[in-house]
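Next up: the structures, one after another.
Common to both upcoming complexes is chain A, partnered first by chain B, then by chain C.
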Partner chain A sequence: MSKELNLWLDDLLKDIKIIQFKRKNSRRVRIDIAPEALPALLELLQGRASYVHLSAITCVDWIEDDEFELVYHVWSYETNSLVSAHTRISRDPGVYLSVYDLYTPAAFFERDIHEMFGLYFEGSPDMEKFILTEWNGPPPMRKDFDSEAFVNQTFSWEEYHPQWLKDIEAEGGGITTRPEDVR
Partner chain B sequence: MRPENYEAIKQPPSNEFELNFGPNHPGIEGNYAFRVKLNGDEVLSARADAGYLHRGFEKLMEGRLWIQNIALVPRICVPDPVPMEVCYSLAIEELCGLEIPERAMWLRVMQLEMSRLAAHLFAFGGHAATTGMYTPMFWGVADRDLILDRFEELTGGRVYSIYNIPGGVRRDMPDGFLDRLGTLLDYLDSRLPDYDSLFFRNQVFIKRARDVGAMTQEQALKWGVTGPNLRATGLAFDVRRDDPYLVYDKIDFDIVTEPGGDALSRNLVRRAELKQSIRILRQIIKHLPSVKGAVRCPIPNPLAWNVPAGETYTRVESSKGELAYYVVSNGGDKPYRVHVRGPSSMHAVQVLEKLAVGSRLEDVAQIMFSLDACPPEVDR
Partner chain C sequence: MNELDKIPVRQELSVAEGNVKRSNPLANVFDELVRFCQSRSMFMLHYCTGCGAIELPPAMTSRFDMERLGIQPMVTPRQADILLITGYVSVKTLKRIILTYEQMPSPKYVIGICSCTVNGGMYWQSYATAKVLKEYLPVDIYIAGCMPRPEAVISGLRDLMGDIKSGRADNWKRYFQNYDHYLGNQQKLFGEDWQTPTDIIAEAEHYGLMTDQTLGEHTALLQKHQQPLEALEFSLGEKREKIQGENPREKNNE
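Now for the complex of A and B:
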């Protein structure tokens, strides 16, 4: 049964012009689709082809193309295959549609992407901060956020040399640091 | 003495109050918190509050070499670290088109099942503690320690083994390892009846856990529940069988289901999976000596390793459910993007928020442990 349904998917999708269909192996299918058609595709996959499990939504920041790539991984318990639907949206203003009405788990992933990439999902039930509750800087998973530069700007390097260590060193012990290791 | 313009705020009388449950609470699993709204001891709503364990793994990985991240990934889930290493390694192998030797596959499956045993012992031990029974917890932790001894012998590390690398495993087993593993399995097998009479058939536990945190199969599918929690609602689905990786298609094991969907069923599924893992490990002990050859295929210089551009989504069955890595390479020496889909990112947030409503306060911790939620997978 699984094989037949899979082939049916091939037939179904090969006639639609706006999508690119690529079969990686018998269990993995990659679909590239325009952003305006993606919710319709997911609805089709869920309603007609039993892809009921949203495994994950991933966001990739392609900063050179000035685009975000969103990947929706949906799994079918009947045909045991995974469809990864890729779509690209502009980084600015970075707004897209929520698929919460189709897949409940989307709420978590959309909230996470909003927090980490600053991408807003219209219609998502919950866009409140979750992990980075005390963070006011730019979304940290964007490629233009440089963690090391941020650390150097925000914190100052301190020599750790407490009195008890000085006492030990006065007696000839302690930590020896090579001159080239001193920052 | 009240000021002249004093006016009391008018509001209807209410018995509701909010309680911060965690992050520093003996009944909660790791550094994780809930804001629960209560009426008496009945939970009206629960709101997950994560972030106490956020170490920015996904961002850190983008700044390190492919091979360096092997030391990073097991830290995403402390009780069950091996699936993390294996899943990440599988992703790189798929991107590079590496074919790993068969012996390495068997060694990986062996560790995966050892890790599953250790994680399940930890999980139901923790559950027992939330219902006031501390003996199963001590027993579970003590027996888990014996598995960690075998990990130490095999890999050098007790908790984070960092043994699976892209291309295979780091080195072969020590002499006589399988005999000692077999002795351990005999011991664990002999302990299962003790666990049954102490915990799984204990009326105290059964009465506490029955119908607590119950969900139907339909709800579980809708909410993205996976792993033992999904099997506890009656659906026989396991990534090991239905999306096989490594050599699971050559191994004989059953997928255990329970119909209830409540905390009791979830624990009974874990109990039965202990038996299945022991069964798988016995097959491995029998079969592994006949698989000869290398444990690692040749890989490029790991410090100057440019993984070909591409993307892949690899999935494994961890002890908590479906674990997946989405890895993107742009042809460089570091990953362009790594996304970790931990099973607990569903269980500990949305599912728990829904299941806690209507339960009593003392059951919140129990529901969390019965879902085997692992907060570091949420925070990443």
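Now for the complex of A and C:
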């Protein structure tokens, strides 16, 4: 049954001109779609093909293309397959529509993405801070945030070969296998 | 019976002189006995911060059985002797760790399990985790490894027991003696208005551990920002209504 459903769905999706459709295996489908059309696609999948479970929304920062990529993973219990709908939006101003009205769990993912990437979702119920409640810096998952520089500026480091280790080594202890011995 | 009553169980220490002189010949015997007992009954508050916590269940339960050494898990900081920090510590968690540590009664010991507590471990370039735990708290023993096996954990705990028995494990005193240094590092990370409900300076006075390192510029900063503690408001119902009354979407559009 689920095989047949998948075939029908494939035919249907292949007919839509504005999307790129690619079946990766019997349980995974990749769709590339323009941002304007994505909510309509999700509505179609949810209403007509019972893709009722939004497993995740992921975000990728393509800083060289000046774009954010959003991936909506929806799962259907009827066809037992996962559709990943990819869309790209411009990094500046970084605003997109919420799909909260279609999938309530989206509120959670959108809030998270807003916090980590600074992407704003219009119509999402809550765009307040979520996990990083005590963080005042820029959204840390954006590629233009230099985590390493931030760390070097904020934290100090333990000495690599401190005096106490030298003392232990003088007594014949310490590191027995050095990295260069195993390589 | 009367004879026993005459033995002073507690010696008055003349701290003011700086040089503590002990006149009772039995004092050392008592000290040793007390230290032996301490090392044999340790209650451990395992604050499971990182992935290293996964090695504790086998270490505590029947396979490796820490309890045969007298080490038991304890549920509240006020009754615990050891604070076990099992892995990477995010900045947010570090605040809670410091709160917890300050609530523990002295003598108290801190064990940092995992490489992450030593130098950041594999999260060395993460913006969210604190790197060197001993900058913020005096650490008694580090057990390195990613993650250390239960044998390593137990051997580390045995080392700590040895240190307690011989009286070498007195790192907790350093927190009082060098409070300004630790507070300075904490303020650097959490902002200068950082404060905890525990009055460390008063405690340092109580334990007779005030040194010239206890107070300094950072504690002055603390006193400037310190707000008196107030009881938290307790109410049922009202708050909820307030939240429901607000329309979150309206707030976003502002």
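General observations
One rule holds for everything that comes next: the second predicted complex is superposed on the first by the 154 of 183 C-alpha atoms of A that agree within 3 Å, B and C clash if a C-alpha of one lies under 4 Å from a C-alpha of the other, contacts with A are read in each partner's own complex, and residues count from 1 in each chain.
Definition applied: a contact is a pair of C-beta atoms (placed from the backbone, for glycine too) under 8 Å apart; a residue touches a chain by one contact, two chains touch by 3 or more.
Every value quoted in this text rests on a predicted model; they were computed, and no experiment measured them.
Judged by the touch definition given at the top, the superposed model places A:A37 against neither chain B nor chain C.
By the document's definition of touching, of the two partners only chain B reaches A:R27; chain C does not.
For chain A, the partner that touches more of its residues is B, with chain B and chain C as the two candidates. Of the two partner chains placed around the shared chain by superposition, chain B is the only one that A:T58 touches, whereas chain C remains out of contact.
Once the two complexes are laid over each other on the shared chain, residue contacts for A:T133 go to chain B and to chain C alike. By the touch criterion defined above, A:L97 reaches neither chain B nor chain C. Contact with both chain B and chain C is seen for A:S147 once the two complexes are overlaid on the shared chain. The contact surfaces that chain B and chain C form on chain A in the two complexes overlap at residues 132-133, 140, 147-148. Interface of chain A with chain C (complex): residues 123-127, 132-135, 137, 140, 145, 147-148, 150-151, 154-158.
Chain C meets chain A in the complex at residues 91-92, 95, 118-120, 124-128, 130-132, 135, 188-189, 248-249, 252. Chain contact summary for the complex, chain A toward chain B: residues 27-28, 52-56, 58-61, 71, 73, 77, 80, 82, 84, 103-105, 107-108, 112, 116, 130-133, 140-141, 147-148. Contacts from chain B toward chain A in the complex involve residues 48-51, 54, 56, 58-60, 63, 221-224, 226, 235, 237, 242-243, 311, 313, 315, 322, 324, 326, 328, 336-337, 339, 341, 345-346, 349-350, 378-379.
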